[in-house]
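For clarity, chains are labelled A, B, C and D in written order, and residue numbers in each chain start from 1.
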Amino acid sequence: MKKNILKNDGVQSLLASLICILLGLLIGFIVLLFINPSGAGEAITAVIKNFLNYSKAATQAKYLGNTLVKTAPLLMCALSILFAYKVGLFNIGAAGQYCAGVALSLYAALAWGWGWLPCMLLAMLGGMVLGAISGLLKSYCNVNEVISGIMLNWIVLYLTNMLLTNVKEATSPYTFVLAHKNPSAILPSLGIGSLFNNNGYVGLALPLSVLAAVAVWVVLEKTRFGYELRATGNNKNAAKYCGMAEKRNIILTLVISGALAGLGAAMLYLTGYEQWQCSTSSVPGMGFNGIAAAFLGGLNPFGTILASFFIQHITAGGAYVDKSMYCVQISDLISSLIIYLCGFVLFIKYAMNVGIRKREEKATLKEKEQSETPPADANTGKGGDQ
Amino acid sequence: MDRPYAIEMVHITKRFPGIIANDDITLQLKKGEIHALLGENGAGKSTLMSVLFGLYQAEEGIIKKDGVEVSIKDPNDANALGIGMVHQHFKLVECFTVLDNIIMGVEPTKMGFLQKKEARARVMELSERYGLKIDPDALIEDITVGMQQRTEILKMLYRDNEILIFDEPTAVLTPQEIDELMEIMRNLAAEGKSILFISHKLNEIMAVSDRCTVLRKGKYIGTVETKDTSVEQLSAMMVGHDVNFHVQKKPAQPGEVVLNVEHMTVASKMHKKNAVRDVSFKVRKGEIVCIAGIDGNGQTELVYGLTGLEPVAGGKVTMCGTDITKMPIRKRNILGMSHIPEDRHKHGLVLDYSLEDNLVLERYFEPEFTSRAGFLRRDNIRKYAENLIDEYDIRSGQGPITMARSMSGGNQQKAIVAREIDKDPELLVAVQPTRGLDVGAIENVHKELVAQRDAGKAVLLVSLELDEVMDVPDRILVMYEGEIVGELDPKATTQEELGLYMAGAKRDEVKE
Amino acid sequence: GNKDDNGGKTGDYKVAMITDYGDITDQSFNQTTYEACKAFAEKNKVPFEYFKPNGDNTADRVAMIENAIEKGYNVIVMPGYAFGGAIVEAAPQFPDVKFIALDVAKGDLLEAGVAAKGEKYDYTPDNWDLSKYVDMSNVYCAIYSEELCGYMAGYAAVKLGYKNLGFLGGMAVPAVVRYGYGFVQGVNAAAADMSLTDVKVNYVYGGKFSGDADITAVMDTWYNNGTEVVFACGGGIFTSAVDAAKKVNGAKVIGVDVDQAGVIASYAAGEGADQATIDGYKALTVTSAMKGLYPATFDTLTDVIVNGKWDNYKGKIVTLGLVSADDPTLNYVQIPMESTQWKDGAFTKDDYKTMVKAMFDGTVKVSNDTSKAAKDFATVITVDDQGQIK
Amino acid sequence: MVLLLQYTLTFASVLILVALGGCFSEHSGVINLGLEGVMIMGALGGALAMRYMPTNSTPIAMLLVVLLAAALVGLIYSSLLAVACINFKADQTIVGTALNMLGLAGATVIVKAINTAANPDDVSSTIQFAGAKRSFLVNIGSFEFSWFMLVTLILLIVSYVLLYKTRFGLRLMACGEHPQAANSVGISVYKMRWAGVLISGVLGGLGGIVFITAGVSEWRFEYGVAGFGFLSLAVMIFGQWKPTRIALAALLFGMFRALSNVYTGFDFLRVLNIPSQVYNMMPYIISLVVLAFTSKKSRAPKAEGIPYDKGQR
């Protein structure tokens, strides 16, 4: 019997995610119709087209570049969530770890004039420290990482605002423009920018984030280290029983997770794309969107690459919707709908499996009917009482 | 004595992905009888009972109560029909009191407010009538398994259930508690209640049941009158061949000391008193030493201290001449300690790992399974797992890649035993290694233990089951309230004497 | 196919506005600019659309500029100093498009321009020659002297008898800071004129352009501790000040940007209130520090598009402040003639006119140096700088 | 001092309501991470009620209708969580997170659509309710008493009684601790979980309307509820899933929140000259420290977060 590719878990995940995306777009479209039927079609295509809204190829390339610039940090946050999730931890603190990455990379770049590499490492360190705090609290004090993550998010937000207030002009809430204050802190382009019509923001971050995805996959699936981490995540008592350092592993997981998120921040802020606004009143959404990307990507690092791009793509696409009819939040609405629907992925896969099985059963039944001579069931009397 | 049927399950078929758990089974329960259900691990007993209790829906077949066909879609329906069940794994809310657990689902209320006073009076009355001693205000998490079981039984009685299902109720009880339970079951039956009783222990079935139905691999094998049958016949029906109940072994030839425990003290998590107090003993090569005792007398903590799961509060432990008192678990393992844990779900397995990954849980870091660069050698792991699965007859749906969670308890246990024995240890610490296993599987585990001994390994067995304690080891150490109160030779002692030691009624000053 | 390079044919123009991070309902400069553009467009039948960038950064602003141009818009109106970088980047790429920026100052352009040339900027605009760094050939920038109307409001308030004042800024952006510093200078000057030494200004930024419970709590604290009037300076942040003021007898606010007496009164009265109630609440607003964002935008567009006078504008950075010594209502910065609560013997319209004249003459100087702290402007008063609420 | 008390009670009211909501949901076995979104939606319901109620309604009618609307919208919105997580066994974390995003985006889109429909120039996400708000307030001296505080107190007591004194509470908590056990005695786990989630929707929605009316007389929905949903979760855990402790925890959090704004009214705090950010951080830091010391024994409902599958053992 030939193998049904629909049975492959990866294929199923992909299909399920696609179903979520299509359903999400459809519901979004219906909402648009409700608000104003005349422009709904145009609006939804604008969202989907994103950079394709520009007519010239060069411009398209440039704006594809912009989308990619923001994809890299999103991917990193998604990987941060995914890594922890695979190890049985929910790192909602990724948002704060990301925030710490912003604070430290920008501060080092703007106040101390550090180059990009040390800035990036410092951002990573920031995320790691926060992850470590959550990890220590979890393994030694039994504080749930979700709750410590939420707390730390807020603490870090205020600290970030306080710290970065020192590297801004008095009359502007934004930190200094990096390219002006310290060009050496801008991530190298590696010639990648030239592929995107000399988009100065595109560079090292992109390949680095993809590399990170590969690394996460390899570590989790292929290494002894990943084996240990997942074991600890799934059953920390068993991990202890078989001699793994389960406390260390929990801490390490959150540290790595934090490193990914912190690094993600550096990957955006060290391109000079974004400045920090020093009266920001909530942690950057990147960390939370990372949750979405991780799940839309089927909790698979490679799927997450695509999901991160897609989410960024339609978020950016929202800007091209005709504002006289619809508001920007439309694209947020659509992406959150898609994420909501991602919750049903398990069910969709289950339904697929049931469907496949039913078909197979039918097929085998038919085969049987055809091949078997009328059954001579000798055991008919077995049910009786004696 | 032709009593009418209380329950009839007729031609029940229940399928799960890839398996027919119940294949056209008919079971008839007479009013007032104790009807035993027997079968190997995974034979389909629990499934059949779950169908009766409404947890599963059968694909085919019907259920009749008092001759009338009924539909049981969920436990609600079962309750309404007077069917109650004590589940294999107790279904008690741990942070609730005994009373709350008993009344849950049929709480007496006035305008929605709980009327606990009323409920308490009834519960206490039932408790007295049936001799089921409980403390209604204790939290479940604080009480012994025995009392939990009594709570479960009271739960059924409180509901006036007519049909009582006991799924392996004795697996976790001490011998005394088992005796009490048997007595209670007889009383209940005498009152006219009908009882379905699942057990792997043939002597219990012989002792208490009126009739016995045997299942094998999801199929109905037959129903026999207990008084007309024998243990041998039952076990033959169950596994399809004869089973040896007594462990065959040559006399032990103890060699040098492998494990030396001196004045070990382990603190207790729950109480102020130490759980293990000043315990000293030795285990030598080529012998099986058994720690016997009633559950809760410090055996668990003793093992935790030996294996490093908990720190030791005082004393010294040496293994093969090395002081391991404070050694990390990993190093103990490498030094040659194997450990079949008491709680397979808590410690023994990563339930969401595949079988193969669980089989290398203690060895994944060895060069055979991990390359220098830290990558797992998947091929070797697969090969290794396949060997073990073959060798130890570990049954599962998809072989090495089966999720451990989906395996039956018995097969999960086999996987752990295989893993721990195949490590070729110097010292094997086996804690209740046969808990919940069917006779065939028990026989296999016992054979393995003896084989280890004969291969010159030291084996420390911890067991609550008297049969096992009498049959398997070469020496018995009895633990009572955290201390070793006696050392016995299984060949020179009786179950009664052992019982006296276990109950604390008798004690020696143990030498050393 | 355009004969006259200076335009002059409205049919050739399409006006696009790009919003700053806030949207066109921020009750502040985005909204005013939008309303002015829209009014202009409707009056002259010029196509108009507004665009909102996706994020709060130069790259996304440039993206929207390019998107607007792609759609055929050729007059781009941008409110907010944050557009400095976007102008430096986008203007040279589209020489045929006219860029009109409000609130964008020399320094805002230099920051991006200097870096683009690979040099290091020292944040002192006076040291630099803008033309060397930024191609201004199709750009017109206007900034307002908010410090002047802030001064007027502060001066008037003290003259009208208030000694305990507060400044509640939105976000500390240059325009808001100029308002605030002008206000402090005005208060200080009036106190000095009246030889008062017990005048006090509480000074804080809310960190956003709208009110919420936290900001209201701060305002409650101020009013309860004796603050009599608060200059609520920034978009919708007045809501917090007004909600707090309503609870304390005699507590007042000062409006910003436009004559806010009406807006504030109807907010205080609540939806569906009758006119009498609303009028009653007009007393809540002592005065407003106004800048002529609306007329400036409207007039500039008219001049450029209808009158074809782009040549008069392009390449310039104009500071819009006082243009008339005698008629304050002609000035780009002023306080309202009607709703200000003039008081005979304290501060009257005539007093106001005299003050404006003195300011126009240069007899009264108001500093717009935003590199200082608010305290630095206090000589006879005390400024209690409470930083930022969030 | 009065102000400190007033704002402490104001913020605490919000936190108590929402945390109790979380508490009901988690006791039934479903983690409601989407409380932030539920709050926004509840706030939307209440705000729309205030917008559309005739201005001459009696205060009591206004109060009731607004509360009802907020509760109802919160309830409906939370059913999105219930259906996904209970019936379709979706991951509760992802659905909760999605509901937060969806609540913010959805409420903004709805308000903007409504505003624009009424006036094409009005693309704001603002709803004003200065007039309606008066129905909720009573001045007692300089203390501005809000009926919401009383409502909160009543709901707090009701929650306590419901959880600990009624059949419903016993069954609800059983479902969060050991759903299989509950099911085996005939309790419908799905129904109880639905009840838990819907109650959390009601309370979360009420929390939302209390939050947005707390300080000002209009609300911009695109600003969301500033993390109060998450803060409430912290309060709930801090309060060990018990109503009385939740109330105390909420008061503590509320006090620090209030203090960060009104500290200038206290001379001794004024002279310390601590930046207000530090006050803002305080509740979080303190709770982290306290949690670090108290969590050893902390225990969440055992089965929370795990979809119920009646065949599972």
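Here, a contact is a pair of C-beta atoms (placed from the backbone, for glycine too) under 8 Å apart; a residue touches a chain by one contact, two chains touch by 3 or more.
This one's a predicted model, so the numbers in the text were calculated from it and none came from an experiment.
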Requested in this report: Touching both chain B and chain D: give me those chains, sorted by label.
Outcome: A
Report task. List every chain that touches both chain C and chain D. Result -> A
Requested in this report: Check A-D against A-C and say which one is joined by more contacting C-beta pairs.
Outcome: A-D
Query - Between chain A and chain D, centroid-to-centroid distance (C-alpha), Å - result: 27
Query - Centre distance in Å when chain B and chain C are each reduced to the mean of their C-alpha atoms - result: 78
Report task. Provide the C-alpha centroid distance between chain A and chain C, rounded to the nearest whole angstrom. Result -> 40
Query raised in the report: Roughly how far is chain A from chain B, going centre to centre by Cα mean, in whole Å?
Result: 44
Query raised in the report: Could you say which residues in chain C touch two or more other chains, in rising order?
Result: 208, 388, 390
Report summary line: Residue ranges of chain D touching at least 2 other chains are 123, 125, 226, 275, 277, 280
Report summary line: chain A residues touching 2+ other chains are 281, 323
Requested in this report: By the touch definition up top, name every chain pair that qualifies.
Outcome: A-B, A-C, A-D, B-D, C-D
Report task. Provide the residue numbers of chain A that touch chain C in the complex, in ascending order. Result -> 53-55, 59, 63, 66, 69, 169-174, 177, 179-181, 183, 201, 273-275, 277, 279, 281, 315-316, 318-320, 322-324, 328
**Report entry** chain B-facing residues of chain A, complex
**Finding:** 222-225, 227-228, 230-231, 234-235, 237-245, 357, 382-386
Query raised in the report: Quick one: in the complex, what on chain C touches chain D?
Result: 23-25, 35, 38, 202, 208, 210-218, 220-222, 224-225, 236, 239-240, 242-243, 247, 267-273, 384, 386-390
Query raised in the report: Mind pulling up the chain D residues that touch chain B in the complex?
Result: 165-168, 170-171, 173-174, 177-178, 180-188, 299, 302, 310-311, 313
Query raised in the report: Which bits of chain D are touching chain A when the two form their complex?
Result: 80, 84-85, 88-91, 93-95, 97-102, 104-106, 108-109, 112-113, 123, 125, 222, 224, 226-227, 230-231, 233-234, 237, 275, 277-278, 280-281, 284-285, 287-288, 291-293, 295-296, 298, 300
